[in-house]
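In the part that follows, the structures are each spelled out as structure tokens.
Each of the next two complexes has chain A plus one other chain: chain B in the first, chain C in the second.
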Partner chain A sequence: MTLKQTADPERAAAPGPAPAPRRGRPSHRLQRYGPAYAMLLPFALLFIVFLIFPLGRSFYYSLTDFNGIKAPEFVGFQNFSELIVNDDRFHKAIWNTVKYVLGSVILTIALGLVLAIAFKTTSLRDRVLRTIFFLPSVSAGVGVILVWRWIFMVDSWGLGNTVVRFFGGENRAWLAEPGVSIPILTTMAVWGGAGYAMVLFVAGINAIPDELYEQASIDGASKARQFWHITLPLLRPVLVFVVITSTIGAFQIFEPVYLLWRRSASIVGGPLDSALTIVPYLYDMGFNRFQLGYASAIAWVLFLIIFLVTLVQLRVTKTFKEFDR
Partner chain B sequence: MSVKTLASAGTATKRPTPFKRRVNWAAELARLPLYLWALVVLIPFWWMIIAAFKTVPELMKNPPTFFPQDPSLDSFYDPTLGNKDSVEGVFQRWDEVAGGFLRFAFNSFWITVTVTVISLLIASLAAYMLTKTAAPGRRIVFVTIISSMMIPWQVSLIPNYLLTSDLGMTDSYLGYIIPGLAKAFVVFFLVQYLRSIPDDLVHAARVDGASEWRIWWQIILPLLRPALAAMAIFVALGEWNNFLWPLIIIRTDELFNLPMALSSLNNSIVSSPGSMGVAMAASLLATLPTVVFFFLFQKHFIKGIALSGIKA
Partner chain C sequence: MPAGGPLPLNGVNVTVISRTKRFGAAAAAAAIALTAAACSDGGGGQDATSMEEENVDSITVWHTGDATQLPMIEAVGKLFEEEHGVKVEVEAIDWADAHAKILTAIQSQDGPDIFTGGLSWGIEFGELGGLVDLRQYETENLESNVIDGLWQSIESPGGELYGVPLNMTTYSMYYRSDILEAEGIAVPATWEEMDAAITELQGAGYATPFAATWEPIGWLDWFNYMHQAGGTLYSEDCSEVTIDSPEVALGTEYWAKRFSEQNVPTDQPDLGAGFSAGEYVFATGGSWNYDTLTVGFPELAGKWSSAPLPAGPANAGSFIGGNVMGVMAQSEAPGTSAAFIDMVYSDAGVDAMLTTAAENNVLWLPPRTDKVADTHLDDANKQALTTIFETSVGPPNCTGWEPSSPDVQLALQSIVLEGVPVEEALANAKTAMEANQ
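Take a look at the complex of A and B:
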């Protein structure tokens, strides 16, 4: 039930059965635990070859000038300084990503919470509605992105323009207007993600014992007070989980950016780069321009940003927790 | 709290109140915008379905129709191909690829099944070793695995691309499948689950002389079933929708998965409105299996998500 447990790797590390006697020659130990190691082997091998080893390589590349053909040339932290100091496109990508993450995470969670509170019972109506809200999380693929592309089409027969005209507006070229790029991405994220958050919140809310609410009602607490003083604090572990995982996911957005504004293979990022976020930029640098060293540096900056944001979020929630006591 | 009670907490378990509650009109009124939101959620799906069955002239109608007036299967297969106003249906495109669209569906299916089965098997072996044996070094292994979860996978994207191409696996099923098999998250989840299962069973089996492999196969795997079901859903959905990786390593059309095929249709949307219907037909065919899958395993879906939130 708690996040504490896993936040602490020491306590999280395998408790298992009582430790076996440590003595004995290594060959004996190998004999004894041979099968155990053999069981770990397939995973460990793939994990090392396709995860750990690439991480090391990626870090090395981030310190080099490398186009994938000639041998990498060591340049120290030049890629990073270029990214952080000079690269306007990268700054734009970061700024766009931050706007997108803030908007989509806040709206997704707020809507998910509202949906969970409104439709948390086992009644037929609630179950049907929950299924509807959850549907986009199941079918979140390229297919749905194509539908969105059509919705936001320039032509008068696009759905977006039909709705706008219905309310008395003019046809708009949604995908050509820099100002609406991030709102479009945010809308898609909320549409796709709110149901997922809702499912987690419903589970969390229904795990709260009824007695607490009954007691509070007897004591004359209003519904609003019950929400603030019972639901929200007891929901905090789930809330923290949803905030952190959806933030991490939002930072990694790629497919909608790549597909929605796609006109030719070598252009990524929409009008005036208004939809350019970090991962599409990484893709552009790495696989359109073959600046693999530079792209690796972008990947590590992405890691650093996500890592720092997660730390801050954990810190903030911890502060809140102490404040409650 | 035991896993069992948490799992059941996943789906709403509040008992309905025994007496019939009076309708609270204020609360219903407050829910009104949420009903509208349900409509908003459904519209793109509806749009996808109807567009797949519209004819080209109707696709370009202004204002658009919300029910196809003259439902047709042309976007799937147009028998009048070659005439004016005809379109190249989903099953008529890619005629240079044997099987065309069906080949892509097969690729997606085959890759998804392989990755799901193998990654769960090796993860469950690792999770068993990490929780139910006393082999030295398991702690450091586990800490390494959970630490790796903090690093976004894009960080290893470029080296993995180079490695895959050094191994000669670009443009092959192997290149699709092998680099994505070791899933740290699955091991983490299964370890958490196994911890809540008492060791007695395993001890008893060992005393009876069962080998570790046999214990894993006959005791651990059956016990892990709910957790494996939840993880299978996550892994399978992720693989079905996998796009960035094949985008990088796949060059020949024969090896496209469905997202790649859809993406290539995406490029033709802008140039000719008629192919919008084809794109929607293809999207429908690619999305439908996930929705059917969801309705078949709805309980596991919801439980799995709830578990992931509560266990984490």
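Take a look at the complex of A and C:
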């Protein structure tokens, strides 16, 4: 019996179609729902003032030429067309972001899944190792990024170069080589995110009834077949959650780019913009170049991209679910 | 002189606050930008008022930089308060966030009375309507004491003076004097001598004899060589972009050659540790390295010194920067604020800053070059800095340079990292600069 049913026992007991809800007198409705609305009001006000209003203003500014000081000048969809058609830096930022999202999400999930399967039990060893793998997720963000910058320093005593030299290589200027910018960001993301994904996957795996695996073993199914036909399908809700939240987070990458490569007040994006992703570009246009209308247009394009990608992910997941039936 | 007339000097209070960096995601950034923008107007065009008319108890300074620099401004603030009864409150804001914070203050009409920031920010914010023209006020100590090489960076094309230097930062060439002596190499004074010294040191087993420690593949480092070769970014009246001139090309060729032929690292190395390990023999870098080497690496005492950057075929000299300070347009005490800025340039103000710097063992290069000799550096380094300031030049004041500098930097990086021909890269840079003119 659900809460809804217990709230209206007459309707729950009556056979046939449910009667239409009665429209009580306004005073009755106010008496009945008033406290609920009153309790919702503070949140609704905050929601409107700090989310709905800025979003609305943001969309308005995306249609203007606005430098933050002088009055905005309406330009229609010119910012959007300029972004999509002519802006090479934006195209580069999109491409860099796509490479980063694909690399970081796929590798984070794959490694998280492997770790979850390897360390899913409640034994002391598994608990200790899970804690160790989870630690990067709770480490302070800025501090960790600065440690990564130290690892990739150009001097021969930097950790990265020490390892390279140990294997006979030569010093590299890691943060000044365009070809390794996205791999560095991806490495940092996987290192920081795999432990978090592992914890979610462990919870999901441990919720799968053991009987299914026992039955499959009796039927002669190998471990690999058990993984593909039991673990993965039943882990789908957790997998969808991890994929969607990781993807959204990856699209919004900002701090590592800003802290690893920003060397002066007006430059972001690393050598040859090799680390320029969408949000740092938004920041660059908005806060370095005062093009707040243009920056707002970038924000809306980013929103649309994330919205569409999430929609596709949900749709694909639903399709698989229907296919399984 | 506009309405209001000359202002007598009055006093001010200074307060220092550290701000943590806050980064948000796209929606948050857009929301901040939009909310901040909502209450904007032109600003900047107010009548000059005198300190007496304003009659304020305190003024506020936002200083872009680290907290170690605050005591120097506070020292002048104390003087100002003693003399004029106005307290000066100084707050520190981080370099990385300062530009956005000051812009937000300008557009929200809610911020400090005085800001300090990047050298080019005075013209940039002034032309946006965010700063007052200091020439509206009596600032007798300013005009005669700003060094020649900086006027082109702080005076707007229209002749307004939106900001003046608070302190100075310049490129010096640091070197391991003991290694040069052991190898019998004289301190190079020209490009040719530098090339010869590097070749000799590489022959002696130094794999990386030269390091550039201040944005090696950025426009700042390149600016030195471009200037030494006789190049400029714009014509004198700012009407023409001249970055594709033969002189600029010559300087750019030399700048790029250092990475490809002399093994100069393309990323910023740790100068102190590199000197200490004997890995680098020469390094170009900002003047903060005097403190880094002195305080951070006492074992190097007597083993290093500094000199001006080697001269090119046309000029000696190097880039000069530092903090500029100006009065915010929304300030309710612009006259008082201008008087405080004027005091920074007075003998008493500079002496107070240098005394405080010496007490804190911090190098503070005052905006008056005649006072460099009063810093706590040793004689050789004082002499080097004095020579450097005689030939230093700041960035151009031409409209469009600030937003163009990232594009110029990308073009320069394409030469070093992708092998793009110099002429082609400079042509790309010129296109970007002309688009911003």
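We adopt the following convention: the second predicted complex is superposed on the first by the 289 of 325 C-alpha atoms of A that agree within 3 Å, B and C clash if a C-alpha of one lies under 4 Å from a C-alpha of the other, contacts with A are read in each partner's own complex, and residues count from 1 in each chain.
Convention: contacts are C-beta pairs under 8 Å (C-beta built on N, C-alpha and C of every residue); 3 or more make two chains touch, one makes a residue touch a chain.
Small disclaimer: the values here were computed from a predicted structure and weren't measured.
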First (chain B), second (chain C), both or neither touched by A:159: first
Residue contacts on chain A - larger count, chain B or chain C: B
Chain B versus chain C as contact partner of A:61, first or second or both or neither: both
A:288 touches, of chain B and chain C: first, second, both or neither? second
Partner chain(s) touched by A:47 [first = chain B, second = chain C, both, neither]: first
First (chain B), second (chain C), both or neither touched by A:202: first
First (chain B), second (chain C), both or neither touched by A:218: neither
Which superposed partner A:252 touches (first chain B, second chain C, both, neither): both
Touched partner set for A:174, first chain B, second chain C, both or neither: second
Chain B versus chain C as contact partner of A:124, first or second or both or neither: neither
Residues of chain A contacting chain B in one complex and chain C in the other: 50-51, 54-55, 57-58, 61, 68, 142, 155-157, 252, 254-255, 262-263, 279, 282-283, 286-287, 292, 295-296, 299-300, 302-303
In the complex, chain B residues that touch chain A: 1, 6, 9-14, 16, 30-31, 34-35, 37-38, 40-45, 47-48, 51, 59-64, 122-123, 125-126, 128-136, 138-139, 141-148, 150-152, 154-160, 162-163, 178-182, 184, 187, 191-192, 195, 199, 202-203, 211-213, 216, 237, 240-241, 243-244, 248, 258-259, 262-263, 265-267, 269-270, 273, 276, 279-280, 282-284, 286-287, 290-291, 293-294, 298, 301-302, 305-306, 309-310, 312
Chain B-touching residues of chain A, taken from the complex the two chains share: 1, 3, 6, 9, 12-20, 22, 29, 33, 35-37, 39-40, 42-44, 46-47, 49-55, 57-58, 61, 68, 111, 114-115, 118-123, 126, 129, 131-136, 138-151, 155-157, 159, 162, 165, 191, 195-196, 199-200, 202-204, 206-207, 210, 237-238, 241-242, 248, 251-252, 254-255, 259, 262-263, 279, 282-283, 286-287, 292, 295-296, 299-300, 302-303, 306-307, 310
Chain A-facing residues of chain C, complex: 21, 23-27, 29-31, 33-38, 40-43, 95-96, 98-100, 103, 106-107, 118, 128-130, 215-218, 220, 265-270, 273-274, 277, 279, 402-403, 405-406, 409-410, 413-414, 417-418
Residues of chain A that touch chain C when the two form their complex: 50-51, 54-55, 57-58, 60-61, 66-72, 142, 153-157, 171, 173-178, 252, 254-255, 258, 262-267, 271-273, 278-279, 282-284, 286-290, 292, 295-296, 298-300, 302-303
